[in-house]
Amino acid sequence: MSAQDAQQQQQQQQQKQPVSPLPLEGGSNDGSVGDLCRFGIVTVSDRASAGIYEDESGPAILRFFHEAIKSRWQAVYRVIPDERPLIEATLKELCDVEGCSLVVTTGGTGPAPRDVTPEATEAVCERMMPGYGEQMRAISLRYVPTAVLSRQTAGLRGKSLIINLPGKPKSIRETIDEIFASIPACIDLLEGPYIETNEEVVKTFRPPALRRTARPDPPAQ
Amino acid sequence: MSAQDAQQQQQQQQQKQPVSPLPLEGGSNDGSVGDLCRFGIVTVSDRASAGIYEDESGPAILRFFHEAIKSRWQAVYRVIPDERPLIEATLKELCDVEGCSLVVTTGGTGPAPRDVTPEATEAVCERMMPGYGEQMRAISLRYVPTAVLSRQTAGLRGKSLIINLPGKPKSIRETIDEIFASIPACIDLLEGPYIETNEEVVKTFRPPALRRTARPDPPAQ
Amino acid sequence: MSAQDAQQQQQQQQQKQPVSPLPLEGGSNDGSVGDLCRFGIVTVSDRASAGIYEDESGPAILRFFHEAIKSRWQAVYRVIPDERPLIEATLKELCDVEGCSLVVTTGGTGPAPRDVTPEATEAVCERMMPGYGEQMRAISLRYVPTAVLSRQTAGLRGKSLIINLPGKPKSIRETIDEIFASIPACIDLLEGPYIETNEEVVKTFRPPALRRTARPDPPAQ
């Protein structure tokens, strides 16, 4: 490995471990029947990853988790440039190695030449979830006509759900607060952990067959 | 072929010919200007095909045809497990051999690991019809937030239209009663039989150029 | 080249240069801060290209540009049959050779066996824009239930946006007048010319960062 390559790799490692202004975990076992769940947050931005400005979108998503999730959770947070191979590698790592049941991305979903987050998402997913892209564009269209330009998509990789959120903190909260209502049921169907939300932030909907009223006994060793 | 293979094949044959609680044909030539049309109904469910419970979704679709279709029709009804190759083979058979102008599936469109009906549908279609998936998710979202989890799609194979309906009888009727308004015109454009509906159940819309006021003379031999 | 080939090519050349009832350029530098923009208009129709009837859809789009675009523009207009290789070649030519920032097609988006415009569009685009198809179907559904049959799509090829419009002049104006609000911002993001619209026809929306208040100085030679 050349000195330049080594330096570049080191920079990428630094990019991958951004300082978060908020704790990377939250929720509680007290008063919740849910299980520990891991979330991946990937900010895709050339400029944020280069340190030209500070990422505000990843922290906005973290803030949502702190406000909305009642059961225990941990987050893995990455800030990376708009490079398709790097986005794909990061999504794979968060799903396959870090065990994140939900991975959300922010950034890279517009028509600009460097925007390739939807293509990277589709490349790593085995099955697509077209409803989330449709729903998020419909929500954002209530606010701005340019919402139609968003190429956001979503899909499934193994037992993980990957969703492209909008790039701007304001648009993130306009959409995630609404679409999250269906995400715990999706993760149940993927045989993942049971997520409980704070009802005043997100009113989770589960079909009766998926509802839990008590935490199950731990599996026998 | 081994004895086990032969037994397995025999079981599949049995799965393929479920007992229907309703007649597999209906409509009438009297008082209708329409042609005989064949419909395929495919219930995709591991448990229903194994006889663990009785399929209620296929019969719900049959009931819709009895209530909604005024012109003559015949249905071919299959109940099969969530196996992608078998779903693809069944769809091909109903389109290419059985001559069904419309094939509707029920089941296997969610995010659960065994749900692969949309992938099988896309694999056998030459051209996709994205509008039906969008419209059905939009309809179902009026009832439950988890409608966004449905991965339903639709497409064209030769002169056949294939549509994934929801899995539950209640959701089937919430959607098919509304989307069927456009299906006769679609089959007209595919050069298939003229379908007439009972207006009080489905108000079919046809552009004026496609409307028929009398049954045409049979083609000269 | 055989005599037959030569004749066929000559016919295609004629098809490619239909007589337009309206000027193929418009807008003005006076009173606009915008740049010159080139538009491609492709009517896909076996019958119009064979001269069986006169194309009314291309001219309806031209009329829209005359009414809606305030800054200077030029249009390249083609009428071609529903042949996928020819549609693909025409789209490539208008994007890569003619330098059209926006290419709109009309026709060939239904379920009829010859309708392949969406497939040709997807084949020449590097990245898709799912929002436009969703939005146009949602708009047209306000008028007719058969809007769901439209397979319209949109995508990006290099710095060009390609959009499939409906086939009928009436449906074209029902959709383009509404969706055009986001198109100037899309072309900005593709680093193309700045388009200014007549606000009483199309109320263009641009995020503040994309807005221009004066024409920039020409680049130094």
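As written, the chains take the letters A, B and C, and residue 1 is the first residue of each chain.
One rule holds for everything that comes next: contacts are C-beta pairs under 8 Å (C-beta built on N, C-alpha and C of every residue); 3 or more make two chains touch, one makes a residue touch a chain.
Keep in mind the model is a prediction, meaning the values are calculated, not measured.
Viewed as a contact network, the protein chains are fully connected, with every chain touching every other. With angles rounded to a multiple of 5, the C-alpha fit of subunit A against subunit C returns 120 degrees of rotation. Per-chain CA centroids place subunit B at a distance of 36 Å from subunit C. In subunit A, 134 are the positions where the chain touches two or more neighbouring chains simultaneously.
Within the complex formed with subunit C, the subunit A residues making contact are 110-113, 115-116, 118-119, 133-134, 137-138, 141, 144-151, 153. Interface residues of subunit B facing subunit C in the complex, by the touch rule stated above, are 127-132, 134-135, 156, 159, 161, 179, 181-182, 185-186, 189-191, 205-207.
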